Amino acid sequence: MRKTLKEISEISDGEVLGDENTIITNVAGITEAKKGDITFVSNPKYEQYISSTNASAIIIKESQKDKVKIPSIVSKNPYLSYAKIIMHIAKETEKHPAGISCNCSVSKSAKIEGCVAISDFVVVDENAKIDDGTIIYPNCYIGRNVKIGKKCLIYPNVTVRENIVIGNNVIIHSGTVIGSDGFGYVQENGLLKKIPQIGIVEIADDVEIGANVTIDRATTGKTFIGKGTKIDNLVQIAHNVQIGNNSIIVSQAGISGSTKIGNGVTVAGQAGLIGHITVGDGAIIAAQAGVIGDVPAKETVSGYPARPHKHAMKIYALIQKLPELFEEIKKLKK
Amino acid sequence: MRKTLKEISEISDGEVLGDENTIITNVAGITEAKKGDITFVSNPKYEQYISSTNASAIIIKESQKDKVKIPSIVSKNPYLSYAKIIMHIAKETEKHPAGISCNCSVSKSAKIEGCVAISDFVVVDENAKIDDGTIIYPNCYIGRNVKIGKKCLIYPNVTVRENIVIGNNVIIHSGTVIGSDGFGYVQENGLLKKIPQIGIVEIADDVEIGANVTIDRATTGKTFIGKGTKIDNLVQIAHNVQIGNNSIIVSQAGISGSTKIGNGVTVAGQAGLIGHITVGDGAIIAAQAGVIGDVPAKETVSGYPARPHKHAMKIYALIQKLPELFEEIKKLKK
Amino acid sequence: MRKTLKEISEISDGEVLGDENTIITNVAGITEAKKGDITFVSNPKYEQYISSTNASAIIIKESQKDKVKIPSIVSKNPYLSYAKIIMHIAKETEKHPAGISCNCSVSKSAKIEGCVAISDFVVVDENAKIDDGTIIYPNCYIGRNVKIGKKCLIYPNVTVRENIVIGNNVIIHSGTVIGSDGFGYVQENGLLKKIPQIGIVEIADDVEIGANVTIDRATTGKTFIGKGTKIDNLVQIAHNVQIGNNSIIVSQAGISGSTKIGNGVTVAGQAGLIGHITVGDGAIIAAQAGVIGDVPAKETVSGYPARPHKHAMKIYALIQKLPELFEEIKKLKK
């Protein structure tokens, strides 16, 4: 990229402060930036670096104008403005596989519609249907009767098992498994007998799924991931889980069978939810929380067992004071 | 499937109550079921839906007879009866790869016995032995000298490293790695020197292993998974771990090196066990527990550090009462 | 292997005590060892087995001389001595793929230097560069512009995305994903908009990375793993994380975005670190700890939220005493 700060301000919805002919060639974090880079400040923790950054320009909020000594872009949302510049650069540099490789194995009964990329050593099994604009990187497996919509991006070594349904604009990162059997057994004469998992997984439009995620197929019916929901790496989603729209499931979280997650929910890293519970719209499950009951809409919970976060915070503080408390009791007893 | 309720009752070991000619075409959960479906109720949480379900029939216990208004099957174990119908449907619809693909790579020294399926882009390395009825999905790697028994099912993108021994009727889900090196280093002059992991993993008959699981090979000797044990997704099993028969290891649990787990043990989701400890037969490790010492047979433990669950429950309750306690101390001091 | 105890003592830097012509053919743990094996004792927990082991010889410390009744090797560091014998055996038995398979797909623009092994169904994409002595097992994907140094070992089903830089002597275990997109979104009109992740991952020399690990590429700049650092299975390393040299990250730990880990740090199993914090050199994060702030050099922290371990231990002990405390308060009130 090689643009003037003026051009950058148009890409990023901001206004130039200082020399609008400053040349910008790249983006970088505030402490790593060097000549030619534009950076931004959003997290207050990094505000201290505004005066010392080596960037050629910086995106700031109106209120930070006085702190800046270098050319800058004033934006209502510096992070969004910065993201827009990155999106611009990505469009320029992004490159994906194209066409159907001679080294892949596509079943004769599969339906490949429009312009699809199927890379080396990909297997597309019987009756699978892949729609226009979808790109499949090497070494993926697309099972029998799978339906994949338009403009999906499937990175290497992904497994999509039979009968799974994937919408449009879905991104699936490497190593992820969609449609593995749910973990279901029934005891008979002291042995664990497998319950076949004959349901499916359905993934709505605009979902992104991280690397090495596991999403199990339903026992019957479907496991469902709603439109626009984003799932981070190494997340476990058990059979028959239902997740709403625009929710965020952070790395290493685990959601047990048949649990229902609403819209706009955040499940933070390493949190665990038992099965058969409901989490309301807009709820936030804190990192490492262990959730063993329903969570109302817009509630924030933390700890094990998870409690409303304000209460939990108070409890954490009091726990830290236990040594003093025990001392006081000793005194009182005397 | 298209069967009368009478026929279904024979499959599911129950007795018909109501019209035995009711036509059943599928199975479904009690809240999702529609006309033609048979459902069941087992978890008391779902008993409330008995009267409102749209299913054509329902599997119930003797004691629930009065609540039912639709044709039903009375069973001693409704969940098991339901599972048997699912097993019946699965047998009808299940379809796996067959034969040896022209797009796989099987070493000349490998021994393929009887009728084995080896799919596209599978590698079977030197001297590996695969027995009759085993099915290997695309993109798997079967290492040197690996032995795989009869009727195993290995889903796409599985890695089985050299010298691993796998019994009969073992199921391994996608992305799982059997026999990666144990995490072993020794300090020498301040640097971490790798200890080669020259042991193996042995997996007994009837084991099922979920997706993206990691089971490390032993430093010397073997890591062992006993007959009938079931392992969920994203579980970590370190080098030299020994697991008994018919145990259950739930998603995202982690078991550290040389720990011994007995028979019929349950390790719930996200639990962690340190190394070199012993968990007795029938013990239960609660979800997210952090186990730092031996657990006696039949004990249930929870929390961090894990304690007997009854004690831990009492502690959780008291912790929630800390705000009141601190208030009371204040008063007492006055 | 077939060696006299004298020869073994030279391999393992120890001195023979007893019959130096004792024949040693293998190594084994102290409880599993049988005739012909040499074993060792290091963990005091296993000292009780010195007198009952069936091993033909044992490696011990000077101070344990009196307890031994079989031929032995006296060593300053029995574990290191034992490791050296294992390294010797491994060198004798280790076997890796060689040469470039006819069943792989290497881009014409890729640069393969010296003697490299590229196995079946590996894809090496445009302009990737792989240096002398590196071995790539089957079904791996090496992306565009990736640079891999000398003598690396990449096990099956690994994904290395575009532009990643990997040093010399790096080991990557199966199922691991290097360079998946960081988990970055920005809200715009209530929707989550993806921020393209245009940075890279750089992995220094002598790093080992376990199975099914995920290391995300940076938003801009790089995610960095320092020289000699060892990462266990199923670990999550988020975008822009920086890890120093010779650190240890144990299984299922998760490190959030932009966090900086020093040199010689240990992050134990299932620990979680929030983003944008700093962990000083030599710090230890205990298993399952939830770290929400900076950790000073050499500090050991545990619990949630993580606190200095000595303090946390005191707190754990007092928590266990809460039932008595509540009883005492009751009495005091009376």
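Per-chain numbering from 1; labels A, B and C assigned in written order.
Here, contacts are C-beta pairs under 8 Å (C-beta built on N, C-alpha and C of every residue); 3 or more make two chains touch, one makes a residue touch a chain.
Only a predicted model underlies this, so the values are computations on that prediction, with no experimental measurement involved.
Its C-alpha atoms superposed on subunit C, subunit B is turned by 120 degrees; the angle is given in steps of 5. Interface subunit A/subunit C: under half of the residue numbers present appear on both copies, so the contact uses mostly different residues.
Centre-to-centre spacing of subunit A and subunit C amounts to 26 Å, using the average Cα coordinate of each chain.
Contacts with at least two other chains are made by residues 121, 139, 157, 175, 212, 234, 252, 270, 288, 319, 325, 329, 332 of subunit B. Listing the residues of subunit A that touch subunit C in their complex gives 26-29, 32, 43, 45, 77, 79-80, 83, 86-87, 89-90, 93-95, 101, 103, 119-121, 137-139, 155-157, 171, 173-175, 208, 210-212, 228, 230, 232-234, 246, 248, 250-252, 269-270, 287-288, 303, 316, 319-320, 322-323, 325-326, 329, 332-333.
Touching subunit A in their complex are the following residues of subunit C: 105, 121, 123, 139-141, 144, 157, 159, 161-162, 175-177, 180-181, 183-188, 190-196, 198, 212-214, 216, 219-221, 234, 236, 238, 240, 252, 254, 256, 258, 270, 272, 274, 276, 288, 290, 304-305, 307, 314-315, 318-319, 321, 325, 328-329, 332.
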